[in-house]
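Got some structures for you, see below.
Consider the two complexes below, in which subunit A is the common component and subunit B and subunit C are the respective partners.
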Partner chain A sequence: MSNTEFVRSELRASQARAGYLFIVPAMLLYLTFVLAPVVVTVILSFAFYDPQFGSHWVGLDNYRRFFTDPRSVQIFWNTLRFTAMAVTGNVTVGLLLALALNRVMPAWLLYFFRLAFFLPVIIAAAFVAIVWGYFFQDSGIFNYYLSHLGLPAVHWLTSAQTAMPSIVFMDVWKNTGFFMVIFIAALQGVPKTITEAAIMDGTPSWRRFWRITLPWISPVVFFAIVYASIGALQVYESIWILTKGGPGDATRSMSINIVEEAFGSFQIGYGASVAVVMTVVILFITGVQFIVSRRLVRY
Partner chain B sequence: MGITTTQASRWIDRAIISLMAVLGIFMLLPFAWLISMSFRSTVDAYRMPPSFFPTSIEFTNYISVLKASVPFLQIYINSVEIAVIVTVGQLVTCTLAAFAFARLKFRGRDALFFVLLVGLMFPAQVTLLPIFLGFAKVGLINKPLGLALMYLTSSFGVFLMRQFMLSQPKVLEEAALMDGAGYWKIFWRISLPQLRPALSALGIITFTQTWNYYLQAKVLLGQQNAMTLPLAMDILRGYLGSGNLAVVMAAMSMSVLPVIILFLLAQKFVIEGVTMSGIRN
Partner chain C sequence: MFKLNRRSFVLSSAALAASTGLAGRAVSADSGTIKVLMNGGDADLANTNNAIARFKTKFPNYTVSVDMDPISTGWGDYVTRVLGEFASNTQHDIYGTAIETFQTFASRGVFEAIDDFVAKNPNYSDFAPALFEDCKYQGKIYFVPTSWNNIMINYNRDLFDKVKVGYPKEGWTWDDFRAAAKALTVKDASGNASQWGYEVPNQNFFIQPWFLSNGTSPLNDDWTASNMLDPKVAESLQFLHDIIHVDGSSPIPGNDTMDNQFLAGQVAMISRGHWIIPNVENAKLNMDVAIPPSKANDYTVIGFGAIGIAKGSKNDAVEALTAELSGPELEADVAKSGSSCPGSKTAANLPEYLAFPPSAPLYFQTLPHTKPVPSPANFQEVEKIFIRYYTAMMADEMSIADGCKQADQELNDSFSRLKQSLGQS
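And now, the complex of A and B:
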């Protein structure tokens, strides 16, 4: 082995040593608080777990119960319905806001817009939901204004039909600013030469949007849809604080169900199986996005 | 013809921006309402038509919060403690790991990074049950430190810092390596100073996220002395009944203050961090 080769391999080895040392803290913590717990949750989901009076395997019983019990089926559909509505609302409104704000304006105005639309994103739902809960009350602010306009009062949170849309409304107010911000950044990446050429050709603006802008930013739109879905599927405190899952089970989500089953009724195995179902849905959506964005999206 | 179209489009621009300004004010109304409510006397609080601006300035609600049977100060300290530990922890662990993933070559690097990224898809719901059972065994239930431990690192943090590092030129680092500097020295002296904006972004995002955790806190920190602010709001609301919403709003104003101040001061970093993580995905 020549001298330079020796030095080079020595350098490579020391680089590898350093690499492992640098990632050790993050990887150990990740293993302890993410990977291992996920594996244990999957194992628990096949068991009836009771540390005091004895646990036993139940095979697929927890899953069978989840998909056959009419109550948990409703909870599953509630969660998917909330996700569909919240994702559509957040992404559509976020995109419209971004299109409206993607123009030249003074810096202070930009600061104001970012403040106004992004502030709700960073304040906990657990805080603002209490405020919205007051607005939504039967004798609350919204109904006060409705009655002054001569309109009938709406049972925002107390009717099974309107409770879920009301929660979605608050969710869009709270989260759409996030999507606005990433869409603005994406819109700024659309090359000016292409849009200007289209303007010269006299292409109408809605057509420019469908033919040029939207295809160009479609990777970001895909990301936004997946990101919003992952968040919405986990919805917990917005619903818990506004309706406690009611009226009846009308707004009960999978997260609420997990907490109630595992910590309220000590059905830990069953709670674990609901958590696994939720994770599988998330993995499925992410997987679909991965495949679709590879096949369809051209940069 | 050319002049009229540019003039017309300028008017459309102005109209849209004015419309957005009105919408922006509507977005902020719940905050205006909650802050002005917190300064209102109980008698005033429920008067209709509702007012979104202070009708009186009284600090009695704030004093009532501190005197409430819920140990608000202790809860506040818990929230600060958890958020600070988690933020410092993530800045350290995520930056170290990101440096290795972005700059160093070692066997299994890409596979390990992929394994870490998979963590982005696991919700807290699927990790929380075993963590609860484990914490119960080692006595970490109802200990703020327990919740902090859970989040000392994050896949998102490593991902974000790596993105920032990859966008930086590595000429200086290579030059230092040629001069025989060790990797620790290169990380500490050259990479880290370049990462200041990224550290601010990750720090603020992590702090707010931790400040806002609800489900995790509810499961792990049920006792009043151990709980955090988001949980305390619902408890306060329950205790005081709807008759004393003004007091809850005073507690809430104090609770959202650190996050609002952080955002006002460092809006740029937050937006940059969000864009960075969203766009390059």
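And now, the complex of A and C:
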């Protein structure tokens, strides 16, 4: 090895050392707060664990219990139903609001609307859910107006038919502003030259949307769908505060089930096994979304 | 000039030593910190602080820190909190708790057995003996009762007067109750209620009188198995279901209780304990209480608050503070604040306690006809299972027969797991 090559090699090694040193803090944080809990959860899912009663291995018993419990199907279905409705609602309404606001209007009016629609996003979900809980009561504001119209009262949160849609309605009201802001940013990136050319060619507005705007912002729409799906699959607080998963199991999600089993009933091992199943479900759904996106998203 | 000879010096020194020693018994020179976790609202915090102030006159060098838990989401979550503290070794020294948690805590060995402490404290002879019986687990006392609540029918007298329905009388029956609830319900032209006759309860504790007064319970007598298949359980549930869906006298029980609607005069009757009295007085509601209506008997449910000492925390100072937190002054404070019924009979005879509601003596009168709320060691799981099926049945999402059958299966599965945990199977 020549002297120059040796110096270069030394330099490269010291640069690599420095690089590793820089990533050590981040790696330590990742290992401690992300990877370690995941590994511990997987280990716990094969055990009976109780700090006071003691712990022992139970093999696949926790998973067997989950897959043979008839409630699991209902809870799994609730989670998927909420995800489908909430993702559709949040992304669609967010996109419609963004399209409505992505036009020429007085600046103060534009900022007023953006703030108005975004405001629910920054309010704590617990507070929002409490207020909506009052709206949805049998003697709440919605039924008050229904009775003034001569219509019968609706059991918004105490009927299996209406409880989940009511929760989704609140969730969309709360979160759609976030997606609106993302879509507004994406829409402002659509080249005006292309849309102006289409206008000059006499292309109708709906066709311009389907042929130009939507394909152009499709990566952002895809991100929004994936992001909303992961959040919806983990839904907890909105449902807990409005219905506590009831009536019966009608609105119980997998996250609520995990918390109830692990920390309410001290079946920590069983709760961990449900968490592992939920993680696999989220990975699977996200994987399917990525595969489908190859055909629909244009980068 | 005063001269101190050897004899005087020895006598003076002996007197000084003796007086110091005597004073040491009255005011301790020990120091330390005691952490207390109590539950309830402002009145309970004030009562606790008063007890701590009395304790500090005897143990001035001790620091006492108090945390309060409002128990806004039920005792199951409180159990989770407390066991989490023990698991992470951040436990308090003294805990306020309730009967619902006794077996869960005692079976896990996280509290001290305090039979010796109870035996040497003469104040406790003034308490109803049944309260201490329910504080035992496997023959040992783990908790000291401080206050209790039995569920009564609280009714708005103005609303009864308005529709000319007679006030509930001793010995009234389920049928009398149902007729009153129906008469007290007001509906508009669309059939929507603007005033409910009764609030079918949404919480485990409030529901229990409907089982007890029918001579049954969702669990067996020793709380080791389900009793949901007893036809009387289904009968009680059917009765509540029919109040909602046949008579239309109550809304479907939801997530929130209807205390505010009761205080606003929108609900005529609710099942609650003494704790609502301060709010009722603030709202100037013309209210009285009645013994829950009877079917097979006139039994109602009792739940009570208590305090316990965490494992490893027992010492003279902690025992002294525990005595203050369950002493006669605290009992008097409980009676005066109205947040619960006091544990001691003396406090329950205070004029402040008996001033409101008009039938206040009924609380103590019913004591021999009460049964404790079923509170097995897996209470937090049992409560969730029961309430889940109960809400589904009350919302008409599931038939009473199916609900009882499925709840029975789940409850017994839970008891099997508990027995495994306790090494009993």
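In this text, the second predicted complex is superposed on the first by the 262 of 299 C-alpha atoms of A that agree within 3 Å, B and C clash if a C-alpha of one lies under 4 Å from a C-alpha of the other, contacts with A are read in each partner's own complex, and residues count from 1 in each chain.
The working rule: contacts are C-beta pairs under 8 Å (C-beta built on N, C-alpha and C of every residue); 3 or more make two chains touch, one makes a residue touch a chain.
This one's a predicted model, so the numbers in the text were calculated from it and none came from an experiment.
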Using the superposition described at the top, determine whether subunit B or subunit C touches more residues of subunit A.
B
Given the touch rule stated above, what does A:Ser229 touch, subunit B (first), subunit C (second), both, or neither?
neither
For A:Met105 in the superposed arrangement: first (subunit B), second (subunit C), both or neither?
first
With the two complexes superposed on chain A, say which partner A:Asp249 touches: subunit B (first), subunit C (second), both, or neither.
second
A:Phe263 in the overlay: touching subunit B, subunit C, both, or neither? Say first, second, both or neither.
both
Does the superposition put A:Val38 against subunit B (first), subunit C (second), both, or neither?
first
Name the contact category of A:Ser72: first (subunit B only), second (subunit C only), both, or neither.
neither
Name the contact category of A:Ala16: first (subunit B only), second (subunit C only), both, or neither.
first
With the two complexes superposed on chain A, say which partner A:Thr286 touches: subunit B (first), subunit C (second), both, or neither.
first
Of all the subunit A residues, which ones make contact with subunit B and with subunit C?
51, 241, 263
Contact footprint of subunit C on subunit A as seen in their complex:
48, 50-53, 133, 137-139, 143, 146-147, 150-153, 155, 157-160, 241-250, 260, 263-267
List of subunit B residues in touch with subunit A within their complex
13, 16-17, 19-21, 23-25, 27-28, 30-31, 33-34, 48-50, 92-94, 96-97, 99-101, 104-107, 109, 112, 115-116, 119, 121-134, 149-153, 155, 158, 182-184, 187, 208, 211-212, 214-215, 218-219, 230-231, 233-234, 237, 245, 248-249, 252, 255-256, 259-260, 263-264, 267, 270-271, 274-275, 278-279, 281
For subunit A, which residues count as touching subunit B in their complex?
12, 14-16, 18-20, 22-23, 25-27, 29-30, 33-38, 40-41, 44, 51, 97, 100-101, 103-105, 109, 111-120, 122-128, 130-132, 134-135, 141, 144, 148, 173, 177-178, 181-182, 185-186, 189, 220, 223-224, 227, 230, 233-234, 236-237, 240-241, 254-255, 258-259, 262-263, 268, 271-272, 274-276, 278-279, 282-283, 286
Please output the residues of subunit C touching subunit A within their complex, sorted ascending.
76-77, 80, 83-84, 86-87, 108-110, 188-193, 251-256, 261, 266, 378, 380-381, 384, 387-389, 391-392, 394-395, 397-398, 414, 417, 421-422
